[in-house]
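Each of the next two complexes has subunit A plus one more chain, namely subunit B in the first and subunit C in the second.
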Partner chain A sequence: MSTTTAVGTPSRLGLPKWAAPAGVAVVFVAAYLVFRGTGTLPHDKEAPQFLAVTDLREWIDDHRNDNPLFLYFLNYIRLFVGALYDLFQTVLHALGWPGITGVMGALAWLAGGWRIGLLAVAGVSAFGFLGLWQHSVDTLALVAVAVLLSLAIGIPIGVWAGLSGRVRRAVTPVLDVMQIMPTFAYLAPLALFFHIGAPAGAIATMIYSIPPAIRITALAISGVSPTAVEASSSLGATRWQTLFKVYLPLARSTMALAINQTIMMALSMVVIANLISAPGLGEEIIRGLSRAQVGIMLPAGVAIVIMAVMLDRMMMAIARRGPHTKPSKIDLVGAGVLGAGGLVLIPVLPGEWPESWTVNVVAEVNDAVLWAETTWYPVTTFIKDFTTYALLNPLEGLLTSAPWWLVALAVLAVAWRVSGVRPALIALGCLLAIALLGTWEHAMQTMTTVAVAVLATLVIGLLLGVAAARSPRFSAVQRPLLDAAQTMPAFVYLLPALALFETTRFTAIFASIIYAVPPVVRLVEDGIKAVPAEVVEAATSAGSTPGQLLWKVQLPMARRAILLAANQGIVMTLAMVVVGGLVGAGALGYDVVLGFSQRTDFGLGFVAGIATVLLGVMLDRITQGADRRPSPRKRMST
Partner chain B sequence: MGDSPDSAAITVEGLWKIFGSRAQKVLDSEDRHLEPAALREKTGCTAAVRNVSFAVRPGEVFVVMGLSGSGKSTLVRCLTRLIEPTAGEIRIGGEDIGRASPARLREIRRHQVSMVFQHFGLLPHRKVIDNVAYGLEIQGTPKAARHARAAEILSLVGLDGYADAYPDQLSGGMQQRVGLARALAVDPQVMLFDEPFSALDPLIRRDMQAEVIRLHREVGKTMVFITHDLSEALKLGERIAIMRAGSIVQLGTAEELVGAPADDYVADFVRDVPRSHVLTLRWISRAPEPGEPLDGPEIAAGTVIKDAIAVASASSRPIKVVDDGELVGVVDRVDLLTFLSGQDIAVKAGA
Partner chain C sequence: MKIRLLAGLLALGLAAVGCGGAKVETSPSASAAPQGGSSSAPGTVKIAINPWVGYEASANVVAYLLKNELGYNVEMPEIKEQLAWEGFETGDVDVIIENWGHPDLKKKFIEEKKVAVEAGSTGNKGVIGWYIPKWMADKYPDITDYKNLNKYAELFKTSESGDKGQLLFGDPSYVSNEEALIKNLKLNFKVVVGGSEAALIKGAQQAQAQQKPLLFYFWDPHWLFSKTELVRVNLPAYTEGCDADPKKVACDYPEMDLDKIVSKKFADSGGKAYELVKNFSWTNEDQNAVADDMTNNGMTGEQAAKKWVEANTAKWQAWIPK
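Right after this comes the complex of A and B.
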């Protein structure tokens, strides 16, 4: 009954459903044409907001050793983290390459059998072969410190959040914002408070990698069978006994996932932290990026991927283990021999990886890249120019020449329509804050790049996701690739982009597409596969063609998953586009990088970092409500 | 009932449990008498247990029966304050549970009352023996002693040889035996069972019911048994409390429930019970009519009716129903047939 009235409403008015949005769009176009060029907010490098922050930094640097906040609090944190880093670094260097190889191999063997052990031995040796032993050990030490601190803080909070709904509700919004913050945004404030160097890098990495430690731990704890908990308290266990004998053991395998995610996040951040002078592989990568020399960064990129894969396989092996499987005797003996062997060889073999065993490929890689650039020049240039002239330039022109209030109104309207009042107001607030910060024009440019990248990401992601959902064989081929892609630290994707497109705006777009496509594909595929088999069967038995099945049943029912994929895609794309500032994406990302390299531009970089966060929150709010809105079917019946 | 509270293992007086932020307010107002749906509509609170009182005798098997949502699981959790009651008094072994400090409450849970759960609640990362010994472990019993005790209990519940298995290697019925053993291992005076067999297959359920009857005979614990299965209640319960919407609607022996349901709800519940399996001759015996021969076979009044059928078929004489050697009445073939045919709906109600 109610359905008929709902359906009947538009027809009674005699207007099709798209009339209202189209009308609004026409109004906006008209307003743009009338007011074009007025109310724009052009970029000013010397804006007072930037200068104020630069002055603040000067002041802090002058008073780092006499202000009580620094003297008695922040400096101690820095010293503590620094000491921890030194400790790890000293131990790792004392172990030398035989020791590290043996110990890592033994740990990996215990975690997941001899195959994983072999992988670890090969992985550690690869650091040496690539000529990156020293850098790899530094990175390993930095990651170890960051992950250790993340877990030491994150697991207790996560356990607390898992046990208490109130804590969970308090923590979740904070984590939500942290997870959409681009990596760059963390760096400037940390440099302000903790200066630069390894401790600041470790703290930045820790903050960046803490959300999964908290979130997944909370999930693991709240997922523990309530009956087991109740049984324990019915036998008179104290809260601590129940925590240690029931909650933690039962949450173990999920918590291994939390640790794994934390490590993976830390590995992506640890490289970027080189911008605030954190040591390690990031040095090579950032150097390669800033000189646009793929040859320099490729070995370091490969090393970090190897590190990621090695640690990922170890943690996943632990996570997958049954609740009560223990390593067999053979595994214990094998791992013991490997570990002891490594330790015994420390005095015998040199601690540094021998120079003669390394391969230097810088020149070869640079040649290969040059070859690729020249050979594929017509193709890559066509793609690049087409995107630039057909999409980027017009859109950027539109956004930067439109009055700021018109853009704000448009954001408000779209967010309201898609997500509702509250998210719309938050999005509007973020946009206005961007304007007040003096980063309007650059934010609009960054938004242009993000929009184009998201469009491409969604098209590709949908196509691949649908294909995978419909063909099990395609899915079987694609899955391992997606898994591998998701283990890789973010900036690794800049490598092929840089190799193909040099330093342009398009480079960042290309990198963010290959970065964001895998999760989008996965969400779309899972969403379509989650459509109940009975519904598909019913549609098929009614004589639907595969195309009808897709358009009329599977895609509409997977709507939520697809919208979630869009949201994810946008957040990830923004993160990558900002990092793309290193390779010519310009705008906010470049401002951030500039802030680190030019002392006088620190304020600009700092503010640009904040602006990227605001932009991220805004884009997230515009789209996040989409998957919470009732499905169209539900809307009709109310 | 008629037991003085002192001699009872458990007494419950005026117990209330209202879920929701305004529980106390609801309890103090007239709203507490509202129907559950109306109460939730008006206050957002749910009254799971409403003014429940009963006493369990030492060594008794006391069954609380009701459909899902009737509040029976909440009731049993209130007994050891796994769920904090809103109001009312609970005494176990004479001790006021409501006033017990957290430490004292733990002592009670550790030594006096243990519980068996519907979904077992076993710890998958521990061997069977360590699951059984869990209660002793948290009391601080040394490993050798608790393992010895656990092994003893495992053989009592028929799980010899499974000490080193892990729970997920056992069938559902065996897992619940582990749950049973865990509850028994701490040697409690009272055992609480929260629908322990509803997750099991019918055949295994029957075995486990027999197991509980056997254990009760061997160890003689006081048992409070929650179930939604009437036949289980009738089989196990010396007395049965039927719950509906948080209140006890009738409390009595199986015979009283089936023979004299307190209201339509209970009557509806017990309608499909084969009454000849539950009711005794007492319910259908009548005074001998004048001239009726009284030389037939004698049967005790407490005999279940179906067991009298064989006797009646062997002798055409009316059966003499005796209680302590005294004649309480007679039953003849016609009486039995009338009863079995279901015409005699109004058995001597309330007799």
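Right after this comes the complex of A and C.
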């Protein structure tokens, strides 16, 4: 921790600019050497904090059916969501595959023409081909419920926030925290209040997918031109008329984006919700994980990706369409025929996808994974062991053997330096809360994993980003890959990691690297490209070599973008490292998994979830100021 | 429009549950009793699937018979041991086909909440223990006594266990006293979670084949014992009640009579399906044969169950209710 304080600083007293941070770093190193091993907070599974939560859960379990809060409020929510899910599920199953294919195809056709329609038909059929019809329909129903409710709650709040600055300011910090919160953290509290099963899964998914609905809606509404609003109200329109006739139509395409984002978030959460027994494709993922068979997981992963791509393309097509373009007659007829055809075929064809039409690739995929495992064993083991022994273990040793107050001071110092006083105090508060919760040691271990993963992510992201910024051809090849990577639900990245590295801490690191690299690459590339052409020209004409140009001009000037990339990378990595608890990452993520696996450890899992959120907020605050504060170099030049 | 629809649904929901407040149980689950509007069609039995192949073997054979002899629909959701008990309450689970002890859960869900009932033994005897590959027992004869484990801790070190010896564990949901045992027996070991039965099997096979040291959690009945030679490490012998307090456990696992647990609702209205589940009882050899086919002979659960059913007509005929 202490070495990271060595950030460049402007010279003031004639000392070299690295002197102050280096001095601080030396003090920290000395303090560590003196106090190491003292003031550590070793993990205790039986800590009173955990036991208290476990007891609370037992109490709630005993009184779920006689406490008024549950009897007259929470259980109704559960029942309502459950009924909605049952409704969707029943309707979808009644439609059967001919009906769903026809209707989805028709909707897609109306949304974006015959190509998208064809895509939807192919996508829906793929669920059947993969032998996952039943699970896919369950997932679709769960996503539909979660998205519908998210929008029903999110859009009104978003509109309100878009119209009123005060509401926006009140809502934003809440959304910030909700979005830093790793998916895992939602599950335990929800299981506490809403029990397990499909309704609890839908609610968990909903909470995760509401923030983008609110945020983007607010953005869309506040982006509506004031002239249009004034024109409307001067013509005597009421507020509601203005809202429905001016704001909403004008914000329409951005609102489609909001719906799109909501769907994508829901899709990535819906799988994890299986940990609290929600049905659907997640079941296959968990089944594959607990049997260490990538062959079982891969088709489910592919199905989720197909679902994501299909819905994404449909929503994007709607977003791109102008407000007044109506589908042509041909489109209407085509979509109508497709939809009606599907519906007519319902009684004719069996509702379940016929088994003889499925391809079973489990054995083949398992064989391929085995082949990769054995063939690349020397390479993968070397990478894994090298990272573990050279980076993970020493850093973990450092963080867990350092006194807690020294780590806290280091966090305070770094956050202060990078982001300023307020974020530094928030970061410190989070860290102290983690200590009080009794999750110190595991939080330090998780932080180690995150640090190593972020380091690797940044190195790779910088390399690829710089390469893309310098070579348009490379960029053109890379872009579609990045686009695709960003529509994929997070856990899909666990699959290749698991195939190559089995269950170790490194598996989670590898997964989080491939998860977090795409946005980092993009930010770096955009940052470097945003350096004004005149500056680059000036440097070149002054005789800079390409290397000098990069190191002395482009990278320093793209500093903000790069720091923003680091911030993004950290938040994404943390989310993934925690999900990595499923594949051997240990520490906080595993505690959460354990909380659902063993009743006696429920408290531990619950508290670990909270600690994860605190850790996320802390890491975010440490780095977030980076893009707001003027860079030292700028200060120097002014 | 949506709002109106939602409000309508809410009203319906409220009307449906009456005014006496809402209990947590939603969909009237499973069972043979026809239920309109719920997610489960009439005659659907939900057997929770726990993540070890022996369990799946039992579940698949019962499911095969329910489907093909009695005409039921069978759902087999992947729900882990302790969550499955909660599933009795929410209606997500009708049957746990192989239960390993869990006296605390029995007390809570059978005696206190009255949402589950016992449905008799599976006929399988189960015992959990710590194992090493046979070559280690040959090379270090005294290693099978837990008192000497610390002497050999060095051998078991891995990148994940740091400066302690590694005790490889399976799925996080398995019955486990490992943490307490290590603490109370003062062993210089650390539990490393492999995450799955497969990780344990693979570890064991590699350890014996490549003469690598490995100490791991495992259980019988399991097909692995007929393929790879393993030796059990002797912990302090089990005595009645020595595992009563999970924090103070310092003894080996007992041999358990594995049993079946079903939801109260299923026991009351499950009809012939319940009868079949109650009658189901077979030997460790039977289970191992099916599990072996599922793991090593490339068969799906259904195929393996079919093979066993076709070869053992006399056995299962006795389970079918008259």
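One rule holds in what follows: the second predicted complex is superposed on the first by the 609 of 638 C-alpha atoms of A that agree within 3 Å, B and C clash if a C-alpha of one lies under 4 Å from a C-alpha of the other, contacts with A are read in each partner's own complex, and residues count from 1 in each chain.
Heads up, the rule we're going with is that contacts are C-beta pairs under 8 Å (C-beta built on N, C-alpha and C of every residue); 3 or more make two chains touch, one makes a residue touch a chain.
A quick note: this is a predicted structure, and the numbers were derived from the prediction, not measured.
Colleague: In the superposed model on subunit A, is it clash or fit for subunit B and subunit C?
Modeller: With subunit A aligned, subunit B clears subunit C, so fit.
Colleague: With the two complexes superposed on chain A, say which partner A:S225 touches: subunit B (first), subunit C (second), both, or neither.
Modeller: In the superposition, A:S225 contacts subunit B only.
Colleague: According to the stated criteria, A:S234 is in contact with first (subunit B), second (subunit C), both, or neither; which is it?
Modeller: first
Colleague: Vertex at subunit A, arms to subunit B and subunit C: angle between C-alpha centres to the nearest 10°?
Modeller: 150
Colleague: For A:I346, decide between first (touching subunit B), second (touching subunit C), both and neither.
Modeller: It touches nothing on subunit B or subunit C.
Colleague: Of subunit B and subunit C, which one contacts the greater number of residues in subunit A?
Modeller: Of subunit B and subunit C, the partner in contact with more residues of subunit A is C.
Colleague: A:L84 in the overlay: touching subunit B, subunit C, both, or neither? Say first, second, both or neither.
Modeller: Only subunit C is touched by A:L84; subunit B is not.
Colleague: Which partner does A:H195 contact after superposing on A: first (subunit B), second (subunit C), both, neither?
Modeller: second
Colleague: One more residue to check, A:D385. First (subunit B), second (subunit C), both or neither?
Modeller: Only subunit C is touched by A:D385; subunit B is not.
Colleague: Quick check for you: in the superposed arrangement, does A:P249 touch first (subunit B), second (subunit C), both or neither?
Modeller: Only subunit B is touched by A:P249; subunit C is not.
Colleague: Minimum Cα separation, subunit B versus subunit C, post-superposition (Å)?
Modeller: 22
Colleague: Which residues, counting only subunit B, touch subunit A once they are in their complex?
Modeller: Those residues of subunit B that touch subunit A are 77, 80, 82, 105-111, 113-115, 117-127, 134-135, 137-139, 166, 168, 179, 182, 186, 192.
Colleague: Taking the complex as given, what residues does subunit A use to touch subunit C?
Modeller: Against subunit C, the touching part of subunit A is residues 45-46, 61-62, 64-65, 68, 70-72, 75-76, 78-80, 82-87, 89-90, 148, 151-152, 195-199, 274, 276-277, 279, 283-284, 286-287, 289-293, 363, 384-385, 388-389, 393, 502-505, 582-584, 586, 590, 593-594, 596-600.
Colleague: Over in the complex, which subunit A residues touch subunit B? Could you list them?
Modeller: Subunit A reaches subunit B through residues 225, 227-238, 241, 245-246, 249-250, 252, 322-324.
Colleague: Please output the residues of subunit C touching subunit A within their complex, sorted ascending.
Modeller: 2-3, 6, 9-10, 12-14, 16-17, 21-24, 26-27, 37-39, 49, 51, 53, 77-83, 86-87, 89-92, 104-105, 108, 112, 159-160, 162, 171-173, 176, 179, 193-199, 202, 246-247, 298
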